[in-house]
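Structures incoming, each one as structure tokens.
Two complexes follow with chain A in common, the first pairing it with chain B and the second with chain C.
Right after this comes the complex of A and B.
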């Protein structure tokens, strides 16, 4: 087969997957990224105002006339959306705009004075600033909010009174993901070792158990934890029956339950790379270490563990990155204080209908994951000589 | 040679469940010797090696190093070096760190380790590769690193488990010479496990032949080849002819035997077996002649079936009535060149035959 036809046939083979990924993954992803800075509602609905107003938002007759013209041209639906968005920046602007729109049916606005006659609130600079701020088709308002910045009365940025709440949530997301990754690896290591080196029956049974939970839906497994860990659940009843506790212990809807369930759901992702790694280490290595004088502990530490480092890193990295985007499990078994960033993304999307904010948080999370992958890639690159030797 | 450094195997037995793989193996391995455990697969040689190394406990018997009983000493405390068939180098360590491993485990000084590693790598002629990873070396180089590592801590014994089976012929030959050189230089006791009779013959001072978990014979290669004690050893080492024979009479230093209906002379020891015996003749001890040399010679006549030419010699397969097919080597340029189908005469000297008790054929 010639080179050209080889390329052509390869291209043909990847055409479908590439199209699939492009249209169902990259395009929506781009949409999310755009939405996180998108400000076109105002720009599109107040075109005359947007071009007339200056950066500082100084009111003038010219701007007032442009605004009146735009408002008169706006239909009810887009005006409602516009007013809602502006109200986020300048509280009270919603009613001000709607009132002005109604008045425009009777009054012709030629200058600033006419607007003031409709509502004296148009004297306040904050409303004009809000208009000036949103004159641009894009905004970093959502990112500012995400890192805890707030509008000060003079129109500048300041750190909000409630602090950088989303940064804290992001930090919590990282911290819990790290905990899950470490715990999962600690549990997965001996398990993978038993599967890799144990007698055949044990091997089949354990691997079956790991894969079985791999094939079951996350929702089902999480719900099972709710059943087991709840106040009248299996664990509590057992503890009480044994007389270890008098009152049921709170095992779920807290951090403990969340970590427990997440570790369980993600365990196969730590076991499989480790298992793959361990299977490549010949049993002879242990005999060799012993014949050279190393006891079991030393031979594990100096010979076995270093050779499984790659499996540990791949397993922990996979669990960590998957944890960052976890939603269902913490939502079902966690308290409000255990929710990860994805929970707030869903909340903004489904309840608050603030797609800009939801998109922004998504982009931040995605950036973090990509950063994590970049680090993993670097580690992999540095680890390559050892990997090739194995 | 001090007796307290001799390794003595005392009636070692090993069974897995009801399956016995070693039967009463007794053997003395003198300090500084090069002993080969030779046997086909399933002969128990690998199990014996594992018992010696300490990876397997024997079911019965004792293992003595000098006067010390090391039967139950774990592998890591035996101070025996081990070279594996698959090298078993540590892939995450450099060549130098592999060799340093047993020394670090023994908590040697840094400077002493460095000196020793350099010395060992020089010994196997790999000093220039000290900072490579094992994966960057060829098979032969890796096996030499394994050798340096197993010898670095001055073991009381070096066990080599078919160390060359993964190498090609040329490398094998090189490494064989290298092994003998190192053995001579260090004077460490080598115990070499192989199924390859040529390796066993060319390298060892002593060969121990194993079959089905039993020790068949121990001795220098020459003794095993020239005076095998049983048919298994004779067949396993080199090519051999077994001719059914009958002992007629012992006369003076020799005896008279009947082979395929002819009376022949025999000059070696005679087995005690009162009934049948077999005469072992090596092909190189048989001369192929056009005519019988006359009375007083051991001679059988037969018809040449197949002649196989090797360049340096030729193999004649001769059908002898009453004795089956007999193989004989002829020189490369013989004066007598019979054609296939011709009648030929096979002649041998009385002292070249070996009489063995006739055994029931192995199934």
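Right after this comes the complex of A and C.
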């Protein structure tokens, strides 16, 4: 009896956060996934056409009458959105639809011939194909754009002239995240070592610096980089005072500045796992290795470093996965060529108001992060037995 | 010897990289001139004055405090319920449900924001401060959850057994034994949650309207627009807030360490 009531009260407690997470986290993410394939703007605004047209999009009197009926019923706003979306698939369809809609005030459309009388373009199969494809409530249009496909004049798919921009951006996101992870680990390693093994004062001061940095607003840290790297900034002044350069160097709004600022923001995420790892390595091991004749470098490479591999992997993995979704720092410190995938999602969402595209890129970014987590989980799984055997 | 020099050099460079940008920028907030460069053009507090007397900055500060307080309260309730609830459940549950609770922290904020934007638009809450509050609690409650869960794991189970042996009901035991002992965990989590919300930029950028705009969003906007000394003054104030909270965290951590020490010597 007591056990049952214990479980019941526990379940009630857990149900509260679970419900919150389900409603404010899982549902919205699912909504993003649905929106990335959503095509209801067309489906909902041309209901008669959608049910009348067949898959091949063969024009017939029945479809033409249905289309005329839908167009006559559509209001200005939904027609404009409809025309814009259809125009993406069949260039020229926007003006064709708007012209047809205007003509409907005077002409009654009973069949195909009446439509052709309004505009002979209704002879072209591409427009009927566009209608047929969009009669489906779901579309993979945004995914096609994301991998660089666009419509050829005949209505099929072809690789776009400007190439696969979003795939390149995705590749850039991976590459820059990898760079950030590697640089962050290189800088974090000596720092973590000093915190783990240094004298108490050094330990407290350094750990304090790392934690302060960890809790400092990302905007403050990015501002600091903008200020010191700008043309009149401290770094340029120092370089000129030392006579290394004659004119200020461009240090900001480029790749180097972006990578430096990102490493700085993410550094604590590399230091803390390394520190946890290093604290568990007894200091006597170094003395033992040295007394057996190993030099400082050899004892580090053969005794210390292998034992910190786990910390390195956890730190680098964390920094890499967090970098994938970075937006603020590149947006403030980078040039247009240094922006990661998140920037384009924000741009589609806030500026271009293309929600389908924003959702699709969101799904792709989320998939990449989940992939990264899965790899991290696998490595973690495979690593443990090896560590135990050693 | 060479190894020693190399080591000290590497550590110093790392520390320089970590601290130099922040230390270099702080004096500029007190610059008398209106340029963000050295040498300083006299020392003055005029940029702090600008911040504290400009209505848009003040309104944003007010919104930020309001949103962060609300998000903290929601986070503490949810995170506390999650930690106390999962503590009594078998391990497999803890891993799966705990993983679900922690996962909002790794989902890119931009992706989360896109989803929340659609959700709040549908609920008619678009641009309302409540929407930012609810969204920030999603990032704050996992922090309360881990913090409270860690203190719960550190508790001596015999205390609960002793109270039970003396006839205390489960409800009474929780409020008189378990809860007071895990209170530092709740406070630590609450500070984490507050800081996270107070500093959060992306979700607030997507969800806020001109009336509900928060301080980080204004800061982000003015950084993109034009670099002005007020920004650095705000940055310095934010840094002081972080340092203050960090000191509070250190203070909260201390009694627990003392308790550990006594158990070790015993």
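Basically, the second predicted complex is superposed on the first by the 375 of 390 C-alpha atoms of A that agree within 3 Å, B and C clash if a C-alpha of one lies under 4 Å from a C-alpha of the other, contacts with A are read in each partner's own complex, and residues count from 1 in each chain.
In this section, a residue touches a chain if its C-beta (ideal position, glycine included) is under 8 Å from a C-beta of that chain, and two chains touch if they have at least 3 such contacts.
Owing to the predicted nature of the structure, the values given are computational and were not obtained by experimental measurement.
By the document's definition of touching, neither partner reaches A:157: not chain B, not chain C.
By the touch criterion defined above, A:233 lies against chain C but remains apart from chain B after alignment on the C-alpha atoms of chain A. Looking at the shared chain after the overlay, A:306 reaches chain B, while chain C stays out of its contact range. Applying the stated contact rule after C-alpha superposition, one finds that A:25 touches chain C and leaves chain B untouched. Of the two partner chains, chain C is the only one touched by A:216; chain B is not. Touch criterion met: A:349 reaches chain C, while chain B stays clear of it. Of the two partner chains placed by superposition, A:175 touches none, neither chain B nor chain C.
If you count the residues of chain A touched by chain B and by chain C, you find the higher number for C.
Within chain A, the residues touching chain B in one complex and chain C in the other are 295. Against chain B, the residues of chain A that register as touching in their complex are 282, 284-285, 287-295, 298-299, 302-303, 306-307, 385-386, 388-390. The touching residues of chain C, counted against chain A in their complex, run 3-4, 7, 10-11, 13-15, 17-22, 24-25, 28, 35-38, 77-79, 81-82, 84-86, 88-89, 97, 100-101, 103-104, 106-119, 134-135, 137-138, 141, 145, 170, 195, 199, 201-202, 205-206, 216, 219-220, 223-224, 227, 231-232, 235, 238-239, 242-243, 245-246. Within the complex formed with chain A, the residues of chain B that make contact are 53-55, 74-82, 84, 86, 88-92, 101-102, 104-106, 133-135, 149-150, 153, 159. Of all the residues in chain A, the ones that touch chain C in their complex are 6-7, 9-14, 16-18, 20-21, 24-25, 27-29, 31-32, 35, 187-188, 190-191, 193-194, 206, 208-213, 215-228, 230, 232-234, 237, 264, 267, 295-297, 300, 321-322, 324-325, 327-328, 331-332, 342, 345-346, 349-350, 355, 358-359, 362, 365-366, 369, 373.
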